[in-house]
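Before anything else, here's the structure in question.
Which chain is which? They are A, B, C, D and E, in the order written, and residues in each are numbered from 1.
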Amino acid sequence: MTLVWLVVVPFVAGAAAWVADRWSHAWPRWIALAGIGIDLAIAVTLWFGTSGAALVPGAGPWLAEIDVRWIDALGIHLHFAIDGLSLLLVLLTGLLGVLAVAASWTEIQDRVGAFHFQLLWILSGLIGVFTAMDLFLFYFFWEMMLVPMFFLIGIWGHERRIYAATKFFLFTQVSGLLMLIAIVALYIVHGRATGTYTFDVTALAGTPMSSTMSWWLMLGFFGAFAVKLPMVPLHTWLPDAHTEAPTAGSVVLASLLLKTGAYGMLRFVLPLFRDAAASFAPVAIVLGVIGVVYGAALAFGQTDLKRLVAYTSVSHMGFVLIGIFAGTTIALQGAILQILCHGLSTGALFILAGAMQERLHTREMGRMGGLWADAPRMGGMTLFFALASMGLPGLGNFIAEFLVLAGTYRVSPIATIVASTGLIVSTVYALWLVQAAFQGPRHGTARLRDLGVREMATMAVLVAALVWIGLYPQSVVDTASPAIARITSAPRVASRAP
Amino acid sequence: MVPIFYVSAAVAFLATALAISRANVVHGLLDLIVSLLAVAVMFLTLGAPFLAALEVIIYAGAIMVLFVFVMMLLNLGPQTVEQERRWLPPRAWITPFVLAAVLLVEVVVVLGGVDGPALAGEAIDPRQLGTVLFGRYAIGVELASMLLLAGVVGAAHLGRREGGA
Amino acid sequence: MLGLLWLVPAVPFAGALVLILAGARLRRTGVAVVGAGSVGVSAIIAALIAIRFVTLPPAEGFFTQRLWTWIRVGGFAPEIALRLDALSLVMVLVVTGVGFLIHLYSTAFMEGDDGYSRFFAYMNLFVGMMLVLLLADDLLLLYLGWEGVGLCSYLLIGFWYRDPVNANAGRKAFIVTRVGDTAMAVGLFLLVTRLGTLDIQGLMQRAVDQWAIGSPLAVAVAALLLAGAVGKSAQLPLQTWLPDAMAGPTPVSALIHAATMVTAGVYLIARTHVLFTLAPSVQLAVAIIGAATLLLAGCSALTQHDIKRVLAYSTISQIGYMFLALGVGAWSAAIFHFMTHAFFKALLFLAAGVVIARMDDEHDMFKMGGLRHDLPVAFWTFLAGAASLAALPLVTAGFYSKDLILVETWSSVLGGPWLWIAGLVGAFLTSIYAFRMVFLTFFGTLQKPPTGRSGWRLHVPLIILAILAVVGGFVELPATLGDRPYFSDFLHAALPAVVNDAARAGAIARLQIVAGLVSIAGIYVAWALFLRHRSLLARLTRPRPARQLHHFWAAGWGFDWLYNVVLVQPFLWFVDVDRRDAIDRVYDGIAWSARAGWRALSATETGRVRTYATGLTLGAIVITAIVIFL
Amino acid sequence: MAAVPMTHVLMVAAAIFGLGLVGVLVRRNIIFVLMSIEVMLNAAGLAFVAAGARWQQADGQVMFLFILAMAAAEVAVGLTLVLQIHRRFGTVDADAMSRLRG
Amino acid sequence: MTASTLSAIGPLVALAVAVLVVMIALAIHRSRGLTFALTLAGLAAAAVTLRHAPMAPAIDAVPLVVFDAAARFYTGLILAATAAIAVLAFGDAEWQGERPEEIDLLLLLAALGSVVLVAAVHFVALFLGLEILSVSLYALIAYPRTHAASLEAGVKYLVLAAGSAAFLLFGMALVYAETGTMAFAGLTMMPSVADATVALAGVGLIVVGIGFKLALVPFHLWTPDVYEGAPAPVAAFIATVSKGAVLALLVRYAAIIDVRSRPSLFMTFAVLAVASMIAGNVLALLQDNVKRLLAYSSIAHLGYLIVAFLASGALASTAIAFYLSAYFVTMIGAFGVVTVLSQERGAGTGSLDEYRGLALRRPWIATVFAAMLLSLAGIPLTAGFVGKLYVTVAAGGAALWTLLVVMMLTSGLGLFYYLRVIVAMFMQPTDSAVATLAAIRVPVAAGLTLAALAVALVWLGVYPEPFIQVIRATVGGG
């Protein structure tokens, strides 16, 4: 039941926040905070409660599971289950959910209830995505969270919000629809072969099918996830969406929504289509490498602070893609760590960018500069997260990128080397970001308010998390390793039958 | 009977062609009536005397008269003929004609593909027709009544004078 | 006692943390106490550990302190572990000792600055990172320190962030070194993949076991690590960042860009010397890079006007010596030179800092002169440093270390006359530019009297360092001058001795004499050109080729220009051209065609019933056609 | 009675149908358009009669009766509409009624 | 006619009686309330007869219509939809400046025609049902006869419907000429492929007539004009009941002629489906009138349904029934919103400008409309989502991959215009001209209907299982 609560609590809290808006603008904020806070607490309890034996490979696949019939006519179940991988992402969702609510505390003054309603629905959808073990259920949540995201960007976003929201929606939806075909095709192929029509992921994992079929289906899944990830050249929705979204939207997009793409690849593409994925891996790795370098280069070219950070996501998620398709245990661990750390560091950067926009009413870096004097805390935090995002050792992102690249080297030294140049370019943009905003002569005369207690608390959590992962990532690694073991030992079934 | 069929077919065709190409509505209506009469003759040759009668009475008689009534109500002046000419420059005919010709050719190709059986031409008398109509097709008749009812209700509503609530 | 090893880096870290968190609330004294004190405490602990280490050496010759396993995944398990052996001990002592002196100096030097606590936070962080680098038992942890010091270098170069020049210089430093770092990271990937570990000792063991001498993998690894070292130590071709790094406060230049961080490359190569031994071609490259760098930088140093830039090029050049030593297998000679260099170069920077501060932030030596009376402490200490830098025979530490390098370059099987000649020419250049500084700054006519005054906190470090710059060389007396190689002996527990070519081993005394003469000759030339006969200098530099050469050297041999044209501009061009992301145009195209489709189809909705009937007819035609043809 | 091939009847019907179609496609006067539709319906009726004659069934003729009923209803409503349109638009030009489009 | 015969066509009888009763009531006493109540009663009575009519005995007795399980399901759907539309139309007592009473009468007649269609097993029934429906619709579309737009729409619909009926009739004649029977069952005797050209051409022409009613491309051109010109509830009726009835008929008809075994027919429908999906979605892209937009949307949706139709089989039947139901709920809901809002400024042009900032003026209506649009777009939590899944499963099961890919890509395109409306409602400021208008009054009945539709929408989207079971029990397996 725990899992059901995970999904339901934010959902209900969101609705409650909406209703509560009638009485006060403060209520929705507190309700939302409580809603997602409860989720975080549940996830943390789950984590502590199940550390040790249950995380050891072979101790049964799930930490918690619930499986109820839903649409029987099509063999669809409400099948939620959680393993280490899911748990980590749920934790991330809970944490960043809390921070996203906190980050919007003063930014959002218009339709507060509706805002939190949308925000919590997204989070609920995300948790659903991360815990659904029925492909249809997964798809249900996958699509469901787009709508509130669309509203979040479209209503509370910045100047070009409608363009951005629409673009985001179209990209993700179209790719999602193609995935739906793949899901249904898999369902049918499996049903034909075994007589059991089911969307259950574990059952579908061993579906015998021709390698051509497997290849196509893999592409269907891959496409949807690659758009979310996002992979170059499917990334162009991202800079717009991230830039135009309100702070919470950017945070959720960058830190969580992108992760669903990576999660999907780990959870579905690799286990379901092992051989096809393996033969596709070189392409994916090359695209990942291109993403790393291209994203970093474009990030440097941006003058809009949020846009810059958005492009860094393209670059960083390129590492995730590389790590996933390199397929070695080290690389996969790296990819998972990168998922988490990118979530933390980029989330923080977006919160900071939001804070700056709230104060300066601009995101143009050309109109910033010299802010350090007024806002050293803000500067320090920006510096910290910029450094994290360029992979400074001692912080989580370094471990992640190091593991990805070290794990990929075995598979493709060339790709590793080219991707490594991304590290250089990331230095370029990270330092440029700091310099443009905080160094140099001061523009304008208005004094900038430095980060307040609420904001510093937010930042402190993220700093602590990144340092922790940077210096002692073992707890995370151990949590994820059973899931990775399952991925690397997935059965090779393709090209067996028709 | 066979020659009569072909003659009336030719008449029907020509009259219809005239009907649709006239500038004057009343002339067109008259041509159309000729055409309908020719079709009635064809019905006779095909063994449907009752239908031939109905064609004359209802189609040529009632329905066409309805048209004439409306013409009178509208009281279209002589300038309308001029207007019709302007509306119908020769090139306006090209596309429709080509389209219809293509379709016709297609249908002819389809029909030409098979050797149609000769029609015995034995007449079906009104009694037979009535038996079938009110027997197997009784529900159809009822439905036709509903169809006419719909037409009546619709025409009654639409035809009311302005503001006649 | 050795168990306290972790405190050595931890204390500066703690200092940094305190300053970051509470720096704004502390008074200046408090900041100074925390900032300098933490490094001092660290130095004391290091000294105590050193005493314990020397008096009661551990059985295996090193001491390892495992703190925790960093990460364990797929057979790869780097540890957070510290390792103390002779090599790291020497380095740690120098870093903490010199570091403390510079901190002490800074407490006065930075007195009036807004970012007082920020400065010490960065400095402490730097010391901590440097110590991690030195003490790391694992290449990954070393890499952490490696990047960490790079970060602090960046932060401190751009410390006065208001001026974009400073920020740019910091950025340049970080990016250029990061190029090398990235290559090094690739080397680490290779090591992880091939040898399965980054634990330095294990790595060396496995490398020896698995790789033959000259095997491609060993060459690749060594080359990649060399790239890292080259970047960090500002050697060819990645030396361009260091002169610009002088934009930082002078104590920073002293600590980071002279004494400690820039020599990390030397340390790395020494640390992983086994790999380099397995890759003779790379080791030769080390030597050649060193030789070339020391010459190029020496020439550039000759032409600078900015006293700090002279020192910067000098640093590049002196590290070139260390590389030369490493390249010929004279491991301990390199470390020896590192140590003496740390003393005299830190001293030179600090003394120059005093001069600059007292001259109202004037960097141009040609606008100074005759300061020896007004700034006696600075003058005498600077003189000691310059003499040491110029390797004035017998009485300076620089002489002993540089001499050792030259001798071993000659005699090593990996060295030879050519490298030796390069070193010798370099020594000549060194003594010219060293005394060029002295003469231009402190002799001649007083151009502008200094202002303000300097306190004891500035002078004490200068004096201590001056003493060290003079006597520091006596820990290693060559065979011809007493033969007391304490330093080498101590280091041999960690680093092998140089392998000498028997045919060239006998000429030590003659070499030393030549070197000594060259040094003195250099001083003479400097005296002649820059003090006595300035007109001669003017005549020399008047011809166009000479001026061009002068300009070329002054601009650092055009490397900046080259990189700008070859790398920076193309990158900027690409970034500028693709600012709006060309890939997005594809989707714009799709959107455009959808709109075009909409327009085209909307045109069919004419509102005319005839058009609509035409549609009906067309449909009928198509369907009938399908029936006919299928 | 001598026999007319059914195919011929159908072809005649098709030809008349085609003329009606041309009328619909060409004429702007709504009255003509309605007339043309009558032609088409009539042609279809002719085809039904022919088909019924082939099978010697009354069904084809029954169908014609229904077509007749439909044509009547159609014309009734259609002509009322024409009246209303003439009242509103002052014209019987079908093209005048193209305000709804795009 | 025996009692059993009558009870076998119970719904028809009930509706016909209702028509007569309403007419008589009108003659005696004109009262909007009365006619409305009688209409609802008539629809309810029809529903009751549906439930109680015997299934088996009367089938042979009445060769034109058969109320088998599938027909019952669709009849139920039509009755429910008609009732909902009647309620929506009831909103305004002075119906757009007209005497409103005949609306109910005509709606009943149209429903009657639709019910005939879904139960038709014979060309005569098909034809008559279609024409009853058409003729009622002519009057309904042009009902506000003082409005130029309505008249224009009415005459367009009339001309084209009559023209397409002529094609349909000619096609039937060809089929009849070839097979000798007008019962659908006789179509199984259609000659084998080689000799079937005439009959197939006949079927092809019948498809023209059906395609017109379904508004498949290229027979779709009238749709936006008529939707725009017609009163919103009537447009809803055309978009849902009229199309649904014809589609149900098509399914029955196709089951007999087995479209999949006839390449030419399969190709015909495939071309129509692809053309409809593409053109419908593309045409709607930048449409600035909500009614026209819904028209184009409905074109696209019929394209999707044809994909499911081409899949054939029990699963496809279920998919069509479910999708159609979801589509009914959604379209009626959407037009319900349009109806409610059209009172804001008289006739209500349906221009997108009227919808800008709606979320701030009427948050609930905007939310309901957004939900309807999202359902049309096939987004989770709505009925449209499950419907889309079902269609996908059906089409996938029949390996119609190309069509599926077209469907997904075009529906992706379609998202854009649904979003445009949502954007207008939620993310743009209210048009100043609209803002000055007095607040609209939502009639209680219409409001309740909208609420019920919204609930149904979500219910079908979240827990469709019971409804699917109903469909499987009636429309048949799969």
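Note that in this section contacts are C-beta pairs under 8 Å (C-beta built on N, C-alpha and C of every residue); 3 or more make two chains touch, one makes a residue touch a chain.
As the structure is a prediction and not an experimental result, all values here were calculated from the model.
Taking the definition of touch as given, a chain qualifies here only if it contacts chain C and chain D alike; those chains are B, E. Path length between chain A and chain B in the chain contact graph, taken as the least number of steps between touching chains: 2. The chains touching chain D as well as chain E are B, C. Highest C-beta contact pair count among chain pairs: B-D. Each chain gets a centre from the mean of its Cα atoms; the one farthest from the centre of chain A is B. Among the chains, the centre nearest to the mean of all shown protein C-alpha atoms is found for A. Each chain's centre was taken as the mean of its CA atoms, and the one lying most distant from chain C is B.
Rounded to a whole number, the gap between the C-alpha centres of chain B and chain D is 5 angstrom. Our note on geometry: chain B versus chain C, Cα centroid distance of 101 Å, whole angstroms.
If each chain is reduced to the centroid of its CA atoms, chain A and chain C end up 38 Å from each other. Between chain B and chain E, the centres computed from C-alpha atoms are 31 Å apart.
Shared interface positions of chain D, i.e. residues touching 2 or more other chains, are given as 6, 10, 14, 20-21, 24-28, 33-34, 50, 52, 54, 57, 59, 62, 66, 70, 73-74, 77, 81-82, 84, 94, 97-102.
Residue positions of chain A touching 2 or more other chains: none. Within chain E, residues 124, 128, 131, 135, 138-139, 142, 145-146, 154-156, 159, 163, 174, 197, 201, 224-225, 413, 416 each touch two or more of the remaining chains. Shown are all chain pairs that touch, namely A-C, A-E, B-C, B-D, B-E, C-D, C-E, D-E. If you check the complex, the residues on chain A that touch chain C are 167, 232-233, 235-236, 239, 297-298, 300-303, 328-330, 333, 370, 372-373, 376, 380, 387, 392-394, 398-399, 402-403, 405-410, 413, 416-417, 420-421, 423-424, 427-428, 431-432, 435, 438-442, 471-474, 477, 481. Of all residues in chain D, only 21, 24-28, 33, 94-95, 97-102 touch chain C in the complex they form.
By the touch criterion stated above, chain B contacts chain E in their complex at residues 106-107, 110-111, 113-114, 136-140, 142-144, 146-147, 149-151, 153-158, 160, 162, 165.
Residues of chain B touching chain C in their complex: 95-96, 99-100, 102-103, 106-107, 109-110.
Note for the complex: chain E touches chain B at residues 1, 9, 12, 16, 19, 23, 62-65, 98-99, 102, 105-106, 109-110, 112-113, 116, 124-125, 128-129, 131-132, 135-136, 138-139, 142-143, 145-146, 154, 174, 195, 197-198, 201.
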